[in-house]
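Shared between the two complexes below is subunit A, which pairs with subunit B and subunit C, respectively.
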Partner chain A sequence: MSAAGLDVGAERLDAPPRTGRRLQWWHWLVIALAGLFVLSVLEAVTGANDIVSSGAIAAAFGLAVPIALAGLGGLWSERAGVVNIGLEGMMILGTWGAAFAAVHWGAWAGIIGGIVGGLIGGLIHAIATVTFGVDHIVSGVALNIIGLGVAKYLSARFFANLPGGGPTQSPSLPDLPRLTIGGLSDGLKSVEDDNIFFVSQIAAVLRALCTDLSVLTLLAVVLFVATWWVLWRTAFGLRLRSCGESPVAAESLGVNVIRYKFLAVLMSGALAGLGGAFLSLVAAGIYRDGQTGGRGYIGLAAMIFGNWRPGGLLAGSTLFGYTDAIQLRAGTQTVHAFLLFVAVVLVAVGLWQVIRNHRLVQGIGAIIMGALVAVWYFTTDAVAGELTSTMPYVTTLLVLVFASQRLRMPAADGQVYRKGEGH
Partner chain B sequence: MRQTMKAAAAISAAALALTACGGSSSDTASGSKSSGGASGAAKVKVGMAYDVGGRGDQSFNDAAAAGLDKAKSELGVETKEASAVNGENEAAREERLQQLVDAGYTHVVAVGFAYAPSVGKVAKANPDAHFAIVDDASDDSKGDNVAQLTFAEQEGSYLVGAAAALKSKTGNVGFVGGVNTPLINKFEAGFVAGAKAANPKIKVQSKYLTQPPDFSGFADPAKGKTAAEGMFQAGADVVYHAAGGSGGGVFDAAKAANKMAIGVDSDQAKTAKEGVRDVIITSMIKKVDVSVYDFIKSGTEGKDLTGNKIYDLKAGGVDYSTTGGKIDDIKSKLDTYKQDIISGKIKVPATVG
Partner chain C sequence: MTAFEPRRLLLSVAAPLLALLVAFLVTSLVLSAVGDPVMDVWKTLLAKPRPRQLVQMINAASVLYISAIAVAIGFRMNLFNIGVDGQYRVAAFAGALFAGQAWLPGFLNVLLTLVVAMVAGGLWAGIAAYLKVKRGVSEVISTIMLNAIATGVVQWMLLKVADRREGSNAIGTKRIPESSQLEGFQLIPGAQNRVYTLILLSVLVGLLYWFIINKTRFGFDLRATGQSETAAVASGVKVPRMVMTAMIASGAVAGLIGMPLLFGQDHNYGTTFQAGLGFAGIGIALLGRNHPVGIAIASLLWAFLDQQSNALQINAGVAAELVNIIQGVILFAVVIAYELIRRADLRLEQQKVARELAAQRPAPTTEGASA
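Up next is the complex of A and B:
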């Protein structure tokens, strides 16, 4: 009898549960409220009153939705093990498809048009990577270039002769219905205008959520919930994710890996296309060459930020959308006030790292950075205009560098899989 | 570790893709021939290289195209057009100009300051051809066979700035610039100066959508809308834009907020989409068409323009529009400012602050 063997076995069985606690939905709510509280304090301290206004929050959602939809597309694809940096290209195809359909058959058809445009991009990526085993990065980069070129060609071909259109832009597009819950919105406005500490800020957020909301935004929310449910609560989703973790094991258990991957990439294209449709139909009301402006890449980054999970992705895109909104709106003044926020967060994260996690290097690094930002805040009156537009990215980078990261991508993500490889 | 490496690979590839997009050059050249009608004009063949956006952008490039069209119908010159691609590199622009020269075009018009270094180079290499560059007077594009066609945008912007301040009830106006470049700074400087002249206590909010080398600020209506919304919600009631295609978003925001907007480059109360025209109280007009036509005409007369030619208020190169009758009540005041600028009584600054 080998005691050692038993010990080993017992150790395995008793291995402590993962130290990283899984965050429940109410954790997120608490974090969101805490963040809002800090921002309210910031408003009170600095007097920059556009930090949490319903206008700023509404603008943040408007900027976050296309990023979130692109990221959701990335999530589907990468969960099935196919890296998708072609999101930008698919999104561009979506903007054109949506504009074309909306011009000819109305705004609702525009949604379908955007999905079809993205779907075509997804189809190319799926055929290249899944069927023919082309390297995912190569195919994705190619798709970005193809998407750009094709959309340029198509808009010159189909929009140039329409009234109000041109070779680089569509005629103005019909708008999708927007929803406002009348009584609630007005009631919240009066609360927001009363300027009660923290209460007004909550009212501002709620008001942004029930005022002038595009149906496409609602659709995006539904898609997020649906994605979570399908991928994490159904047998279909488990099989799809197993293709991203270990396709060999999945196939040995009878999962048709190729089919699942193909479907996931198609879904990915459709979602990215929908993000493009939001951009041209809702955010801009017009198609223009180059209007995606790299949002597909930001979506990909938001997905990685969110640890390949819908909740995290949503938080990531909101962070991008919010910081972008406030830098675009009030510019230098609000961004300057925001420096104080960044300083406080950095110091808090640093203390947390030192005290709870005993990570001296990261912790002290964060505290020093925080102190430097604070010095910057107190010695200046405004942030130079040249720097304000970098704020979304700097904020994210700082969060990622100094927060403890437990990012884990799907184990077989990015690997080319050929049918029957495991035999 | 492997995961980190892969993530890094993905990100760097994304960066690569961005630059790759920039490198691709797919010229959309549309040739058009017309039989040389007027005498003497047969020798002048005009090649036109547009900025990003090209013909049909309902703004800057279209103004240049209008000048070309006029020259074509009135002077009977032969023309060829080529468009730039968003984010392309220097070599692509040089190549485009050189191709026009090689194809036998004697007069090449480069639309936009982005062409400055390429015009300088190609002009040196082809001393027999004539070049014009719109919106640049730097040393980069200087040459014996180069006409630098520039505008006193600050003077036109001064007038619409004064109009904004006179029309504002809140004493708060806004400026949305597409990309933070010296050219767009001229618009802002003039606008601020004009607004302050009409109302010394005016508050002016300014915002640039992107910073160079990111030129997407000229083609992102969503960002233009967000920026203008912020200004309106912060108390502004008139917003002026110099943001090319992003300006559509500014008009949308003005319409939604039931406030006023000011257009740029062409009379946008005529060219913007129908639904928003009524919020555009005036536009700062920049007569790019006149400058292009002048250049071509001088060529057909054998007196080719060279050096820097400034189209200012005095020369009728910039102006404000009155379409819609929204500023009829303050027109006399604006015309006083106009006369003062022309006579030199008012000096409009070309840089901010």
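Up next is the complex of A and C:
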């Protein structure tokens, strides 16, 4: 078996023709603004007013950070060619490590504790996959089993007899400092409250960005920029990525592939552990069994969605965080409003297929689907809570359906490398 | 496969034993590092199970076995069906719903329910297969998403069809009729409880798996695709079609996981139905190296550890989740041991060939040329 998976020959599109330059930073800004505009229209049309409130956006960022950190961990290891499905286990170790350190030595030590917890997971994965050449998925699955077991076992052992703690949860943890840019936040709040179309929504997003930010969120932002810079702008990063693209070629140029891969997986563990620390220290303020809730897997999905690049990963985690936030807040109404959006998009896609691509069957299919969703929207007032809880996953899946043919993973991702075996 | 060689056989038995030893040592180290009573833990875990526990162990193993086979079907062709967990819950719900209607009498109801569950599991897996073949979505990611979606969808439908009984918070589907409940076999002397009747289903699944994988054209194509995709394509295997078939087959088998539980124990699908069987199946399939007999041994070991861990809290004051650590370490140790043995085997083979070549040609003329 190899973790590289099967290439089933689903027609892969070549990279979009590069006319001139790649996407610049301002392209992303325009795309983000366009998305925001669509959401503003949706908010105005449906009257569901929690679609773009600063509360929803802030919640979205809070939910996106741990996913983004896990995804960033995945990015490091997969760029060096090691598939990391063990992110979930590393994250779990991070939640426990952060809680243990925070209980005994304070909140700042908690950050270190989370990193150390994740690092231990990364070390196990690195020894298994890089040193011993075990299949990456196998090692990841085993790591997830161990991570879950270790955290539950240790929390029963160390938290049960603490005041306020129990066998499945820690005492409440000390807080990390939070930052608010006072004047700016208040000014933006008044703009948001004025309810001017689109302007208020922009204000809401900006307000969420400068209000009540955890230091861990800021650290995550720094780590994103640092990762991009290290991996794409330094010789070290070039070598590390070459290990994921063609380890044999890298070896022939004198790169110590084993060492780079090992380092990358360790880094991956540390970042996933930090994501776990965010969950227990910042998001919940307490360690609980099963706290990660599969966020390690979601981080992996966000990274794939982001085409193994930091910018795309950020977009993927924000999307997931946002859909999760709105379903957690006024889920049943807000998700109901999104039905209208989905209906419009489906009809538009259908018309496009019929008129431009002359694909009658697909086009009419999409239009019928859109009509059905529209009927659903107009005949009901809310979506059942059980269904809204699946919204982040459905969204991720749908986005992958439309995007995945344009994705390209590192060429040697998931392949077991052994020194001196290239011919 | 090469001819029977005693060295190979010895090595493949040595690996699991070595892994168990490593797991024993690592767990003991963890226990003593944390300050828990090492001896008490092992005394509890390795105690002789009572007849009642033995029955529970066999029952648990029979369910885990189906789960691991479902995973193994995909693994054999390099397809990672992480979604067995979602597939079996969707299928168990569909099966329980169907069986509860009692449209057919007695045993016919059971048989048709099995078919319904297989179809439901296959369809749910079919989504992931379709997305992989048509849209190139990695099955690892799509099945993980589908697991989460299955949780929401099943919960929602359960609330729609729930059969609420007085004085209970648990909700579930309508109970299956008495005539379709299977009371089980009295296999273990001295035990009050019975072994699931549908353990026969596990045996059947195992036999069919062995036959199809090893003795049919389809199985050959499946293994060929798993071992070398390019070679398989060159010999005329249509990989997309294989992906569809294998994934749906895997999902259909996954659909059977809940059936022994449904007919032998729970008699309906509700919020208390056993969860997480799919993930255990992944570990067991890896431990058993996708081999029908290996998986049987692995699922018995898994069930043994699960069952024995119940007493850990009472007898040794240690959380039962310790057993997850042991299972994980065994898994790591086994795969590492097999890898090391594979390398050693390869080296011995190379040396043997080199010796034979050297004997044929005493004076090598081309030195340093590489293939």
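Note that in this section the second predicted complex is superposed on the first by the 369 of 423 C-alpha atoms of A that agree within 3 Å, B and C clash if a C-alpha of one lies under 4 Å from a C-alpha of the other, contacts with A are read in each partner's own complex, and residues count from 1 in each chain.
In this text, a contact is a pair of C-beta atoms (placed from the backbone, for glycine too) under 8 Å apart; a residue touches a chain by one contact, two chains touch by 3 or more.
Everything numeric in this text was worked out from a predicted model, so none of it was measured.
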Touched partner set for A:T318, first subunit B, second subunit C, both or neither: neither
Which of subunit B and subunit C A:A128 touches, first, second, both or neither: second
Contacts of A:V150 with subunit B and subunit C, given as first, second, both or neither: second
Subunit B versus subunit C as contact partner of A:L63, first or second or both or neither: first
First, second, both or neither for A:G285, with subunit B first and subunit C second: first
Touched partner set for A:Q201, first subunit B, second subunit C, both or neither: neither
Which of subunit B and subunit C A:G164 touches, first, second, both or neither: first
Which of subunit B and subunit C A:S40 touches, first, second, both or neither: neither
Subunit B versus subunit C as contact partner of A:G414, first or second or both or neither: first
Subunit A positions touched by subunit B in one structure and by subunit C in the second: 85, 137, 141, 144-145, 148-149, 152, 156, 167, 294, 297, 300-301, 304, 386, 389, 407
For the subunit B and subunit A complex, residues of the former touching the latter: 3, 6-7, 9-11, 13-14, 16-18, 20-21, 24, 26, 28, 52-58, 62, 83, 85-87, 180, 205-211, 214, 216, 219-223, 225-227, 229-231, 233-234, 245, 248-249, 252, 273-275
Subunit A - residues contacting subunit B, complex: 50, 53, 55-56, 59, 62-63, 83, 85, 88, 137, 140-141, 144-145, 148-149, 152, 156, 160, 164-169, 171-172, 279, 283-286, 288-291, 293-294, 297, 300-301, 304, 325, 328-331, 385-386, 389, 407-409, 413-414
Subunit C-facing residues of subunit A, complex: 1-3, 5-10, 12, 85, 124, 128, 132-135, 137-139, 141-146, 148-150, 152-157, 167, 294, 297, 300-301, 304, 384, 386-387, 389-390, 393-394, 396-397, 400-402, 404-405, 407, 423
Residues on subunit C engaged by subunit A in the complex (per definition of touch): 34, 36, 75, 77-80, 131-142, 144-146, 148-149, 151-153, 155-156, 159, 225-226, 229, 239-240, 243, 279, 282-283, 286, 318-319, 321-329, 331-332, 335-336, 339-340, 370-371
